[in-house]
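In the two assemblies presented below, chain A is common to both, partnered first by chain B and then by chain C.
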Partner chain A sequence: MLAFRPSLRPLVGVTIGLIAGFALAVILGSISPAGFKGMASSLVWVYTSPAPLIFTLTLLGPIACAAVGLTLAYRARFITIGSEGQILLGSIVTLWLIEYSDLNLHPTIAIPTSIVLGGFTGAFLGFVVGLLRVYVNANEILVSLMLNYVILYILNHLASGPWRVGAFAITRSVGEEYRLGPLAIVVTTVSLTLLCWVLLTRSKFGLAIKVYGRAPKVAETYGLNSKTIVLAVAMLSGFTSGVGGVLMMLGFQHNLSPMSVSPGYGYMGVLVSWLSANNPLVALLASWFFSSILVLGRSLQASGLPIGYVLAIQSIIVLSVMIARRLTSR
Partner chain B sequence: MNTFLSIRDVRVVYPGGVIANDDVSLDIRRGEVLALLGENGAGKTTLIRVVAGLVKPVKGELVLDGVRFKPSSYRDALRNGIYMVPQMPQFFDGLTVLEDIMLTLRLAGRSINRGRLEARIADLEGLLGFKVNLSSHCWSLSIGEKQRVELLKALLLDSKMLMLDEPTTHMTPHEFNSFKGLLRGLAGEGRSVVFVTHKVYEALSVADRVAVMRKGRIVGVFQAGEVSEDILVKYMFGENGYHRVFTLKNYKEPVHVKGEPVLEVLDLWVKGPYGQIAVKGVSMIVRKGEVVGVAGITGNGQRELFEAIIGLRKPIKGRVVLNGEDVTGRDPAYRIRKGVAVIPEERVGWGLASGLTVVENIAFSLIPVNSSIGRFIVDWRKAREVAEEVVAMIDVKVHDLSATIDSLSGGNMQRLMIARELYKKPILIVAMNPTGGLDLQTSKIVRGMVVGSSKASAVLVISEDLEELLEISDRIYVMSNGVVKGVFEKPFNADYIIRAMVG
Partner chain C sequence: MSIAFITSIPIILAALGELVVERSGRVNLGVEGMMAFSASISVAVSTLTGSPLIGLIAGGLAGVILSTVYTLTVIGLKLDQIVVGLIISLAGLGLADLISSTGYRVGYNIPHGSTLHNTLIVITIVLPPILWLILYRTPQGVELRAVGYDEHVARERGLRVDLIRAVTVTIGGLTAGIAGAYMALVLYNGRYFSGITGGWGWLAIGSVILGYWHPIGVAVAAYTIGILLTTKPLLTSELGLPPTLVTITPYIAVIIALTLVTIISRRKPSLIPPKPL
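Showing the complex of A and B:
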């Protein structure tokens, strides 16, 4: 029925998703002729002007870091959605290290330290989820979702209690000298992507992941340790998501408050990973696409479109890509 | 005689241009058993799938009872009194057997009262001569048990025509005899029975007529009483193939020297999937240079024994000793490193990972043995070389090593899997039903591979195919109800073995 070349399927899905999203906006009455004009000019602006292009690369950090780690987990059929909590935790420990600890580290030390610290705390969260799955067979989707809430409420508590400054529930901001520019974010993100890609396609561990994900019984029978595989992908995806949190804090968030925090970069990572068919390189590209849609959404808010609409568009795109994949895979 | 279903000029072309049925015409009569005979890939299964509404022909038509019949789905076929039992019956794993039966009845449009259904099943069980545990979950059934439930369903639906795809793969000769009687009885009641098989003697002993298929065509239809085995084999394979099969017959070299014991199983007790005790105090020895067979009817503890020997299932008592070392508490990886090769019952999903390439499917099995393909990073060039060597061990053309394993036929997958295991130069080979579902020729080749490997290794074959074990084994253990009922040395007396199997 849909006789597209396999490589074109995602693009077809994306196009259908965009059309469907646009139709949704028209149906909901959010787009008047004037609004449509504004939308078109925003679209051109987002993909041509330097400012939004740079902002896209900045926002890319947490989405891509989460997504590339998740490709490993999903290849092993470990369906965690804990990236959201891991990102938040990564940003919390970063803020703690730089602003709320008494260490007063120099930026050249503080930044790498926070990346390592954020990564390992994310990995720890993943480890907890993996452990529960391996030893008490707890469903990783539920456990990781619950943990996301735990971290979210810890954040709310910190921002409105011990770390609060002034009248509003908002923390101190990291100093200018600690902040990361787009280049540092892109370098970190690309390194993590390459790491995941090498692990998946070049390493013995990656092969074991694929075998276990496709046929757990085959893995067990031929001596590939399923517990090790699950724990490792849980921790690796936690690590990259944690680093994503560090990039979020040092790249553009700079402080924490219950109101301003993450519109769900971790969940976007989940979507992106599915969108990319769990290929880290494609996931990087798809993250950039999602990130640009976010930037587009922010500029569209000026012409009266709510940010929720942008998130809806992202979900519709993923849905249509998955449907396109299903329809063409037989 | 009166025709129930008439197949006219049916042509089926699969994606990729393979012609599975090439203008096939065949009449199926009321009250007859018709054997559809042919080797794997001859198009038998495709033909009955057309009748069952599962495959749409590009050309041709079906005439049912004089009326044109175009089944658009399996449900259509069911409602018209046609029942197909596939070679690997599909069940809803999460349901109990009774629930699964009720679901099928509902699909066929029958209203059902649970109590009456159970009573009816009990009647049929008496008639069929086997019992089915209605409250067990479908996932726990063996293939043989699933086939029995399928028969039960067909009778519950009072189907007018039964099509059975290789139903005897998992039967003992004794079971086959009663099964034969059952099919004859069904035909006697005026039903039509289509019996798909690749075994010539089965076709001749059950059927009224034998239709032989080769390469998608019907090459001959014979009255069973008027044709010899020899002629049927010639029709099945064509002249050239015929010679190949019969020169392969004497490949076995007798092994007289008994080597060191490689595998010792000592008073092994193993629990099954429900927590029932499936293996009760089994002991056996397999020496280097011999093929040891484990015979028994499906579901008598063989699977649990197999899993305990390869390390997938922890025994509750007893020991597994490999080359003098107690490996009872060790995981599969350790045993593989020590030289155990595993050939499981199901190719896809247990022996090979679907969706991965041929190279990947060979490379992963080398990870625990820690060999040449790299320490942490896989040397894919080396892995490819290994894959080429493995493929070269078997006489199979694999055009593209980067294609997924699913592109190979069942027989080629099996040979590839066995070659992969033999490549590791194991000291012990543990195989379960290594020729299940393969045709005559491929089975011969696979048996040849297994027997050939016994020069350097100890070989344990757990099989439901007694004839196969009689042919390849040096010694046969018979399992029944989790216990070793007898140990038989050559020359075998099949009657005694069968008595032990059912005893």
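Showing the complex of A and C:
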């Protein structure tokens, strides 16, 4: 179909898909009150100014943390969508630890503790999904999605009830001294990415994941325990998403209020994983790209572009890349 | 007509459509997005035309349009059905918000007790038995299920697998579309707001499993979930249960159902459902 060298074809496909999808999404978005002019000028602003660049690094945290953990899960064909709920849970326990637990920890202790706590609660949620998949073969996609709604409603309950302060349904905010800047977020995110990358490419465990994902029966013949692999990736992806929730709370969210729609960082992580073909390093880069789309969407919110459209832009891009790759690989 | 039944109509309709898709051996996880998209479209079109009926039809067509994306990419290009389904869900939710941002948030509603509403109620009641007749007592229905049980054997026997699946996916899109339009035009009095579907599309997919891929079972399962969704005020005021606990019950019920299904199919292997998921 296309006269490129075969080795270049996937790259050409991805590029065509990215451009076509992004263009389509921007043109569709022009029907909003923000208009084509608004979309175009914001697009230029996001990719040429320093302020949005720094903001992309802040928003990158939850998206990338979820995505790099999911690359491991998806390699093992454990299709969890639970990152959304795990991120929310991570942010809930962070807020609890710092503002509602009466422990009054010093920031130097509180921040690492919240990262560990958020990570482990996320891992626990992943463990539940993994356990149901391994022992009763319950479909992990639906179970994890249902849990996302459960966590969302628990969050709404906390924010409008027990944790509410003042007249509006909003919780206390984490103190200035606990908040994380872009640098700390990037360092945490990059460390997690490298950890996942090393696990996947430089360890026996990573090899086991890949073998199991490609041919579960072969893996079992060679003595790999499928239950252990699934449970491990379920917990690992839960852990990184939970840490993503901590970064969301300490990086830019700072407090909680009831929401009718989940913020979507976990779903973005899912899309990023697919876009990156489950490679943690590519996923980090793709997360940055998606984070820039989120900044674009947020900058246009005041002029009337619904924030929910951000996930649509990203979905259209991923689908467009998948189509382009399929068409160019024939 | 009981309020619980009126509330569960969108879940029943969407679940029955998804049942047809899954019986043909595919799963479309885009139900939530198709419902949201059609809810938004139905409100916009009912505003533009002044007719809730045309709004409802437009909603159905909106579902069909999104399901066509699935047909082209999953059945045509053989892309991963799980990935595409979730993408349709996420994109549909966003596109729905985009359409309503152009100013269509309040349209014309379908009043309770109107002829149109009563027609929809009757359709929902008669659809499960009719669907059972079609699936189990007509050659087309048997072919459809055969495709779901074993695609390769069905193909060997000369069945047009891709065509049958394209049809079932379109039916699934239509029912999800009408379900979404119903939510906006009936349950929310002709309004659209972000997050209007609130996971009901996922509950519909859960009902398909909870009802064990049988039209009557699926309708009963969806109705049960509808009861759980409507009795929230009653359960909280009369029994003193915390509202959050009641809100999350349908979602927990689906998780429990997912685990029970496996246990049932282990006990009775003859009841093994089509395995799209």
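Structural remarks
Everything below uses one rule, namely that the second predicted complex is superposed on the first by the 287 of 330 C-alpha atoms of A that agree within 3 Å, B and C clash if a C-alpha of one lies under 4 Å from a C-alpha of the other, contacts with A are read in each partner's own complex, and residues count from 1 in each chain.
Criterion: a contact is a pair of C-beta atoms (placed from the backbone, for glycine too) under 8 Å apart; a residue touches a chain by one contact, two chains touch by 3 or more.
All values reported here derive from a predicted model rather than from experimental measurement.
Because the two structures share chain A, they can be overlaid on it, and in that overlay chain B clashes with chain C.
Applying the stated contact rule after C-alpha superposition, one finds that A:Arg214 touches chain B and leaves chain C untouched. In the superposed model, A:Leu311 makes contact with chain C only, not with chain B.
In the superposition on chain A, A:Ile79 makes contact with chain C only, while chain B stays out of contact range. By the document's definition of touching, neither partner reaches A:Leu11: not chain B, not chain C. Contacts of A:Asn225 after superposition: chain B is touched, whereas chain C is not reached. Within the superposed three-chain model, A:Val187 lies out of touch with both chain B and chain C [touch as defined at top].
In the superposition on chain A, contact of A:Phe205 is made with chain B only, not with chain C.
Touched residues of chain A were counted for both chain B and chain C, and C has more of them.
In the three-chain model built by superposing on chain A, chain C overlaps with chain B at stretch 95-103, while the rest of 5-13, 41-49 or 95-103 show no clash. Against chain B, the residues of chain A that register as touching in their complex are 198, 202-208, 210-211, 214-215, 217-225. Contact residues of chain C toward chain A in the complex are 29, 69, 73, 77-79, 82-84, 86-88, 90-102, 193-195, 198-199, 202, 205-206, 209, 242-244, 247-248, 251-252, 254-255, 258-259, 261-263, 277. By the touch criterion stated above, chain B contacts chain A in their complex at residues 310, 312, 331-337, 342, 344, 348-356, 360, 363-365, 367-368, 373-378, 380. Chain contact summary for the complex, chain A toward chain C: residues 28-29, 31-33, 79, 81, 132, 136-139, 141-143, 145-147, 149-150, 153-154, 156-157, 161, 260-261, 264, 267, 270-271, 274, 304-316, 318-319, 322-323, 326-327.
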